[in-house]
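What follows is a set of structures to go through.
One chain, subunit A, links the two complexes that follow: it is found with subunit B in the first and with subunit C in the second.
Up next, the complex of A and B:
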């Protein structure tokens, strides 16, 4: 796929008479070393430390004691872990398709209208920009027992205790996730539609394609790389869902809305079992790497294979 | 299909489009509007049912928040952490982004790929050792620690984005400078960086949003001293109704500066989002 926006026509003639001066390895390392050092010291080393700690019985104030795989078996025996993993996956499976469908629908509509585009986009951006904790609080107040939406629903005879009922609490978190992710999806796809060349669409109109046929057979194939990118980002984000759970439901009622990150967090910081939490994180890493494997593979092919 | 039906059906289509877009507009903004109303109502009115629409606005909640609750401290922490994170991650990222955009050998690809994998990992993968080490070294609950961790978490995304912006700039620019006797670094510094302005602004916005909005990192790595606004607001008394108005005032106070800055710089944000899609 060619770069969608990376075309700078004014600079194009520059490549006329050029003699490429390649970047020397020494220069390359000078440029990248600060970043590589930061990532190595602050990400690679902590990752290995986490793996290391996962084999120890370790809390604060105690000396670490090697216990082999016991942390892992404890986690795998813990029903809360499976519940949390199950809810996280359920959350992803339900919310991501809806996020993408809604975002695409709105992007198509934005692409059709003529006026007020900037106004709509500005307002749509607000939930995307605002701190998730703030967004979560704002939405959660509407659904409290004395909240506006709870009241609105009860006035037409629907009484829901959003934070006490398992299905309602899960629905609320999923709904909030969709509400928060749609702006991103919509903007990405809208920008893609804007960058799309007019010719294929005009050709389709000439051939008598209906609006839906144009969307399905011209626009969607063109936007495919963006759809894939969005799916990948949304999977990553949904998998690390923490903020809204911590602020809105604290994993409740019971353990019904605990996500894998919330579960791990509670083990580490409420039960103070750092070793066991490390094992939980490492298991979680395996799951996300598996889920993202197709995307990782594609990225690998794009950057390592594609450019040679 | 018939082309002549277009005018009236187009108008209808357009009307439906506006209607649906307006529905989502209301959904997008209503929670914040409602929070704003809570924040300027008296506590007794804020959660009255049915809701009170006509009332005399009051700034008591804001006064309590900023004066009695000392919210300024959290604002300063958030500002320091955000500023520090943006400055460091963008300067470090610019060098790397340039190097990666121009270098075509295996090492470059591996760095990019590794960064991509790290982007996918949950924050807690890195946070647990930080929590432990920070408590050993006395860095726990300092702004410096938050900045370091945020820079690291942010680095993969930053270098990918800056690399894609550097790739838009043709090599011939720094090459002509180098033919004229500049070193590679001088060409980068005096020729390339000045025209990277928009790309740097875009990457800075994303960095800023990440640092300002982050919750899990300050939640785990601070206690009292370096607490940022999102953590502070999440810990206001949850059950006491009186605190809801103050929380609402806090929520609005946190949201306003970012919404103003980002909407003002909107076109850069959109440019960044689309640059992300290119490499998908």
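Up next, the complex of A and C:
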């Protein structure tokens, strides 16, 4: 475990650090105050405003009126909210393991080959480089009724209604999500593999370990913190899935592909219920904190040590 | 030397591409704009949703850019446009000065005070711009409690577009009633001359609009005298059931179809029949994008129910001025008037039925535009527009959501309408429209 260095005027806040370099309070605040100001203005204030608005009936062009917890009640009573939450969780459960498995597979392949590495990395990074909305628009057109993929499939007798069939529409979004996220996973894990010391691998080879045993019992444990980090980032990304839904399916057919973010957007900007959308955001924050808690706890344990 | 030759080659290539692009995007001729540029640099942003006639008017607006005055135009898809304008107007300092509206948006935005009443300017410029020539019926659609919030640019209504070659081959006639419409659809499906017999835009807000046309033709009202939702009755179910019945003749993804999707389907020969806005007719004859040039004919919307009313509204698009705009409203108004000048409307008449009576009823133009005859019949049989009340938007959104879910999931329509009515009433209560 690499030693963490803490630069702090006090020792108490540095509970994660292994080594503490005390600094003068004036220097400490000079360093951190820009971040504190930016975080306060861009994150803390909007969060408190959102919490405040969630207790009001507030639409565009009207005066906010206090209604207590009514917005929360309305959201929790709304079947569309539960459908959206259900699809969001389904999307996460299905897409994230595939993203990680594919990304890890590609990282291993890259790690094995000696030539053309740069070429393959460039190719793999294309989905990550393309602007999300542009990529989504292009892909959505490929799968429209008159789209190239739809035409190609229909020419061999496969007729799929990508935007009318629930399974197809969900599959399309999940497939597109996987396509977009795999490069990030691959890049992170490939970097991890590159940084891995050769000794444990060589020792495993000496002990007669097969390629799969080396991957399973040497590489994967070594990369565990990176896997956790990737899982956390991908959970957050999947949870705030919006652009592909807004561009491709608009939540349809019916409400089958609406996600929590799209649901919140619909309430805020289509139904113009800003107070209720604020309540939806707060509920969404609670859900994501709950989902991330095990990963955050594991990260804390990995760094500080202690009972798992 | 070699570098110089490459440089000259690149320059010539760039110029050639630029010239080719500018030729490709050559705009239709617009009339000269007679607005005098203000003393100070001024930008007027014109914002709307796209269809051929509106593109022409926006080009006409850009012709007013001269000296210190710059007129910029932009388009979005209708749903995104509404979202963006809602947010912009709510901020109290609209970045857009001239806005594309329809009667529903006039009600929604006008009742919140987001649009500028134009009565003063209309009185001031009535003679100069011959505003008496604009249809009174269209003006009524843009007026709320005596305040006129917008100037109509066209007459628009949902007429039947049909493939006359297919109809002739199958010996079919455009439907005059709902029953005939069903018969025609079955014949088209059986003959399979096109990929789908029918397409009607049902995506976004269009579904609630389609429901309204059917429901109002049956004499249905959205709210009772106590302002409570009243669309969950037998007529409401009949109106919704008709849409469900049509689904089997339409593309499976039609619940997401915009008017653009339907227009493209018609242009590409995938669809034999549609009920779509008159403003889409000119696009059928555009050789650059249409495979059905000369093959489409037009008929009024069929009558729905026994009241003699068609499943159509008669309305139109209009131009309004944002109340919170910092630009001189007199200047913005004059730009609007230049856009709607008689010369521009004469040119725009090739793209649809304009708002000036002298042009819309001109016998020569009517003879040239086959769709106008159908549109004129539609005007006589049109259902009333949705109520111009501030809570109509609540009912429209909720009904649209519940009906779409019921149609997509094949669930009970009466239950969906009941749920929509209950949710609408609850929401109206929360928002203080009823006690």
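Some points to look at:
Basically, the second predicted complex is superposed on the first by the 275 of 308 C-alpha atoms of A that agree within 3 Å, B and C clash if a C-alpha of one lies under 4 Å from a C-alpha of the other, contacts with A are read in each partner's own complex, and residues count from 1 in each chain.
Quick note on the criterion: a residue touches a chain if its C-beta (ideal position, glycine included) is under 8 Å from a C-beta of that chain, and two chains touch if they have at least 3 such contacts.
Quantities reported herein were computed from a predicted structural model and do not represent experimental measurements.
When the two complexes are overlaid on their common chain A, residue A:47 makes contact with subunit B while staying clear of subunit C. By the document's definition of touching, neither partner reaches A:220: not subunit B, not subunit C.
A simple residue count on subunit A separates subunit B from subunit C, and the partner touching more is B.
Once the two complexes are laid over each other on the shared chain, residue contacts for A:123 go to subunit B alone; subunit C is not touched.
By the touch criterion defined above, A:269 reaches both subunit B and subunit C. Shared-chain residue A:146: touches subunit B and subunit C both. By the touch criterion defined above, A:161 reaches subunit C but does not reach subunit B.
When the shared chain is aligned, subunit B comes close enough to touch A:208, but subunit C does not.
Contacts of A:60 after superposition on the shared chain: both subunit B and subunit C are touched. Subunit A residues in contact with subunit B (one complex) as well as with subunit C (other complex) are 60, 146, 269. In the complex of the two chains, the subunit C residues touching subunit A come out as 79, 82-83, 86-87, 89-90, 112-114, 203-204, 251-256, 261, 264-265, 268, 270, 393-394, 397, 401, 404-405, 407-409, 430-432. The part of subunit B that touches subunit A in the complex is made up of residues 1, 13-14, 17-18, 20-21, 24-25, 27-32, 34-35, 38, 47, 49-51, 92-93, 95-96, 98-100, 102-133, 135, 148-149, 151-153, 155-156, 159, 164, 167-173, 175, 178-179, 184-185, 188, 209, 212-213, 215-216, 219-220, 229-231, 233-234, 244, 247-248, 251, 254-255, 258-259, 262-263, 266, 269-271, 273-280. For subunit A in complex with subunit B, the touching residues are 1, 3-6, 8, 11, 14-15, 18-25, 27-32, 34-36, 38-39, 41-47, 49-50, 53, 60, 105-106, 109-110, 112-114, 116, 120-127, 129-135, 137-139, 141-142, 146, 148, 151, 155, 179, 182-184, 187-188, 191-192, 195, 208-211, 225-226, 228-230, 232-233, 236, 239-240, 242-243, 246-247, 260-261, 264-265, 268-269, 274, 277-278, 281-282, 284-285, 288-289, 292, 296, 299-300, 302-304, 307. Within the complex formed with subunit C, the residues of subunit A that make contact are 57, 59-62, 65, 67, 70, 74, 80, 145-146, 161-165, 249-250, 252-256, 269-272.
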